[in-house]
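Input: structures, listed below.
Each of the next two complexes has subunit A plus one other chain: subunit B in the first, subunit C in the second.
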Partner chain A sequence: MKNTGRRLTRRSFLKGVIAGGLSLMAGGLKFHRSYSSSPITIGLQVELTGGLATYGYWHLKSARAAVDRINAEGGIGGRKVKLVHEDTETDPTTGSRKMRRLILKRGADFVIGSQHSGVCLASLPASRRFSVPYFPIGEATEITGSDGHEYVFRLNCSVEAHAEAGYRWVMKNLGPNWTVLYADYAMGQSAVEDWGSRLEASGGRIVDNIAVPQGTDDFGPYLQKVDPEKSDVLVIILYGPDALACLRRSEEMGLNNELALFGNTGSVEALDIDFSGAEGLWSITNYPRCLEGSPVELKDANRAFREMVGVSSDGRGSKGRIVDASHFWVPWEGVNLLKEAMESAGWEGNGDNSRLIEKLEGINIHGSVDYPQGSKYIRAADHQGFHSQYIQRVEDGELEIKTELSPEDSEYEPNAEL
Partner chain B sequence: MGQISKLAFGLLNGATWGTVLALLSSGLNVVFGLMGTVNVAHGSLYMVGAYLAWICFASLGSFWLSLIVSPLAVGLLGVLIGLLLKPIRKNPILSVLGTFGVTLVLQGSALVLWGGTPRRVPLPLDSSFSLFGTGYSFYRIFVAIVSGLVLFCLWFLVERTKFGLSLRAAREDSELSSAIGIPVFTLFLLGFGLGGALAGVSGALIAPLVSLTPGMGLRVFAIVFLIVIVGGLGKVWRSVIVAISFAVFRGLASVFLDSTKGLILTFFFALLVILVNPNVLGRRPANENKN
Partner chain C sequence: MKTKTSRDVRKFIAIMILILAGLGVLPFFVGRFHVVLVTEALILGVYALSFDLIFGYGGMLSFGQSVFFGVGAYTILYSFKGGLGLGVSLLLAVFVAGIFGLLVGSAVVRVRGAKFFLITLVGSILFYLLALDNRWLTGGSDGMIVPTGFSGLAENYYLVLGISLSVIIFATVLVNSPLGLVFKMIRDNERRAGLLGYSVGRYKVTAFAIGGGLAGLAGGLYAYTTGFASAGFFHWTRSADAVVWTILGGAGTVVGPFVGAALLTFVRETLSAIMGNIYPVIVGVLLILAVIVFPGGLFGLLKGAVRNFGGSDE
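Up next, the complex of A and B:
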């Protein structure tokens, strides 16, 4: 049989090794060059349809405005930023699937969002598995607590931070006996535990905890359980349409005149509160809806930020859409925080994520156009952010800021040690 | 509020809420039970009816106008959906998929047109009365009365008129009906229009009592579908009884148990009804099939 193959000699072997080595080096150089000039991809996990669609509308605008501004100023470390987004449909199953899609199909180096705590909790494993830094907006305490991990950072306050900052104020100013009406899912259950345990430890009393399924139209049967003779305050832990339906039915049943109403951050989010049922409602918020409520030193920064996102000074956008004031700043600040930390860590690719994480842990942020919500810090132990919060009240159809609570007021014992 | 008062409140509140559910489910029943098509878009038609009420209030200054505008406009929309379904109307699976597609289109359009911000229509009747020490709006009673009247008219139309007879005949045997000169496809379109009008008037009536969002139709559809299944296909009056029982049962279960247990118990009860009486799903008893 004729041997058609070439004989392997020492010379041909050495030639092959040298040629291979040179081509690998050239390839490596080429790869390195394209790697450092390719765009950085930021994924946004956002609710464009479903119950939180009104939040998602603003989150997309906020993230786009931040990315456009950074690109106009030269990008991050000289590299352009590309924003890709996926709609979670306000559903945890879909949301976690979209998280994987953002990472695996859309090439996201980082993911910001979602607002829905259930989606965030369902997305945490993908962030860990693919080692992709994740900046959830959902407020369930577990996200940076029992379920948190090294790649998760939350810039905005958790439910527990709201409870820590708010419970003393509510006890002192509205009364120590509470009935809590809450949305029966991750965020609501988290809030009941966090607010209730603090109240009772301080000598207050939970008269009743009333769970309400999401998407409830008829609040009559639930509000019927509220006993105004035993309760000083009705604490409403609901969001959007549920909060609106609850306030209206509460007014119809005459409860508004018999006890004080206090709502969580979601209770007035993106709602038109110019109706009698909302009048007098107290609530806690991360950020004032109207520019007038912003701290004096941050007024100009906020004016500029609102202009870039398309929010008027009274908290409205085009077609009269009302902004989700308590949260719409998070994607904006998240993108800016990434820029700051990446440039400081000399981030070039996913291999530099550990350096990026070190920069983010314990970072102190100062109020500016980049961070219009105000100064804040991210605790190293659990990657939870702490910032100022505000107590506001509906008066003559407007949200009036009554008190500012400092970042330190909201700090609680970490639930994780990362 | 004492236990007896809670019980009485729950019964009345459930009954008033149940009449609207009955009206809405009767619209689905007309299309589903009498026309043989599962109109998954029925909930979205209800949503459109509710948004039309909001537009009448916000733009024209009169909520009451919507009680005429909503059923007419949504009825017309129902006819259009019927026309769209013409090529696939005899295939139940394709009909479900087709109407589900319509649902997505309507829901998406509402989101684009009116945004995700929950909308509200103020109660058109300001006054209320004390029901066991709790305020109760007269408008809820008005809704129950109007729903009852519309349901009576529907019963009369289906059971006591030539149109109703033709509808039922076309459902029983469309080929034979065609052979004797009944315009089956026209009836199909009118059936869709009637179902749409009922969804429209339900949406308009309920608009001042709920928060309006693009997703409100899909949410209510699951309940309405269950009511139609338990009540029996084509059995309008049984659906009315089931709707009111459902609302009362769910309301009372929410008061005396926690909400999740109440919901589980309500759906378990519905499942039990279906298991005990499988004929409600449209199956005839075995001995009847043999004949």
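Up next, the complex of A and C:
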């Protein structure tokens, strides 16, 4: 049989390799040139279905508004910004899959979200493996603690920061003897540890910790365990409808008149509290639901921010939907923080991520339309953000801001040294 | 003279070689996302096959497979925390999950029919609740991060591909061995197998131990690949996934579970981009079709198509 093919010699092989290498380099140069004008892609990992869908609705609106505003003003470094989002279904396994999808399929250069701590934790490995800066919103302390890494930055407070800022205030103003009623899953258990350990270390006393399964309809059996004689405060660490059901039952049992009620950030989040059972409830929040509660110097900035996202001054959307005030500002500020840090670092592509990280570490942020929640800083050691928090109370069906706690009040010892 | 059967076998071997060659060069031709997707499909294929050994060959419709998957995932996690390497950790995952399979199997094999199904379902719910409550051990619903370096997407893909092929070869040898033939006999006629002197209970426990070990391997690989493990790994719906993939792909075959897992992994990813909520509906329809229209599963359909390919040999 005649061999019609050309024989591959060492010389022709080397020529091929060199030619291939040169064309790859040329392709790379061409790619680099076009890269600096291609859009910057920001991924949003968001809960649009499942237990935290109420949060996700607002996070998407907030991120979209921020990106639209930036694009209208010329983009980041002259480049347009594209927002892509994926629904985590409020499930860690799905959330981690969606994180990979955002990065590998949809080309996200950065990812913001999710609200669900489990999703955030499950997404941390992907963020590190693909070297993509990640701005989780979930509050579990480990996210910027034992499990954090150099690509992770959290703007909003962790569970531990809430506990650090809140426990002294509750102890001093409502009393040192607490009964804690908490959602029996990771976030609730974590909050119990963080609040309880601080209280007891300061001389207070946990009368009882009462675990309640998620989705409980009748809180009667659990509230019966509360002893108003021994407790000054009933601390409620519940979320959404569970918190509502608890408050209604507590009122029926007359507990609301016998001891003070104090809730975590989720206890009133996105809920209509205009009912008698919620009256008098104290709680901690990252951001006032009503514009009236914003600090005077940030009132105009917040008015503009709310208008752009579509939130009225009383904390409702166009269809009357109540905003998740404590967190909906995070995607907005996250997008703006990225713009600031990218322009300052001269970011053009993923190769500049280390410069971007340097800019973000220890950054001081000043309250403005870009940062309507207020001034804050991101600690370099663990990439955890610290900002003001507020103590609020339900009075006449409205959330009234009573006290502002400073960013320094929230600061705890870093759990990591990145 | 070549028989029709030998020609069918040759066609199958040719197709398998083509598929293998395709999988071998896949990372050079597709993007990183699809490499990840195929890696995941292979892992879930191993998991589905682990269930198929118990159901398709052993005749036991168990809803407890997620327990072994979860045990494998957490074994890897703690093994890495203890400083062990990947190879030893994977072997440990197989071993520990296999022991769980042995124990669970010993507890349930005497029960039959609907009671067996219910007891394994309740068992997996119980394990899930235990995993959820013992946050110090599992991280609860938030889960825990697997403390390991990651070799890279392509390297991990080839690792998973190699392990999957090894599992397929192992399963093929097993189901054609005297042990596998006894499994099938018990599945087809348990009473007869008993009358012939086989210790039915012991063989069923063996099927559970082997199936448990392979599910542990899949759980370990999944945790290593995604970098995390959570109590959700124990959830009974994960057991249901294995049931669906196996029935859809073809129960009682070695390759069928891989076909079912791969198809639904790709369907899920495709639909999640368009309309995520419709995925369960599609799965339901496919499952009904699999049970009524093509009881041999997709692999049965493919086999039929291959046999007919090239026309009649008469």
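Annotations for the structure displayed:
Everything that follows uses one rule, which is that the second predicted complex is superposed on the first by the 390 of 418 C-alpha atoms of A that agree within 3 Å, B and C clash if a C-alpha of one lies under 4 Å from a C-alpha of the other, contacts with A are read in each partner's own complex, and residues count from 1 in each chain.
Definition applied: a residue touches a chain if its C-beta (ideal position, glycine included) is under 8 Å from a C-beta of that chain, and two chains touch if they have at least 3 such contacts.
For clarity, every value in this text was computed on a predicted model and none was experimentally measured.
Of the two partner chains placed by superposition, only subunit C is touched by A:L104; subunit B is not. Looking at the shared chain after the overlay, A:T49 reaches both subunit B and subunit C. Of the two partner chains placed around the shared chain by superposition, subunit B is the only one that A:A245 touches, whereas subunit C remains out of contact. Of the two partner chains placed by superposition, only subunit C is touched by A:G118; subunit B is not. In the superposition on chain A, A:I40 makes contact with neither subunit B nor subunit C. When subunit B and subunit C are set side by side, the one touching more residues of subunit A is B. In the superposition on chain A, contact is made by A:R321 with subunit B only, not with subunit C. Contact with subunit C, but none with subunit B, is seen for A:D147 once the two complexes are overlaid on the shared chain.
Common to the subunit B and subunit C contact sets on subunit A are residues 49, 184.
Across the complex, subunit A meets subunit B through its residues 49-57, 184, 210-213, 215, 217-218, 220-222, 224-225, 227, 240-242, 244-245, 248, 252-254, 270-272, 275, 319, 321-322.
Residue ranges of subunit B in contact with subunit A, taken from their complex: 1, 6, 9-10, 13, 17, 107-108, 111, 115-120, 122-123, 128, 134-137, 206, 209-216, 219-220, 247, 250-252, 254-255, 258-260, 263. Those residues of subunit A whose C-beta lies close enough to touch subunit C in the complex are 49, 86-87, 89, 91-93, 96, 98, 100-101, 104-105, 117-118, 121-122, 124-126, 129, 140, 142, 147, 184-187, 189.
Across the complex, subunit A is touched by residues 31-33, 36, 132-133, 135, 139-146, 150, 226-228, 230, 232-233, 269, 272-273, 276-277 of subunit C.
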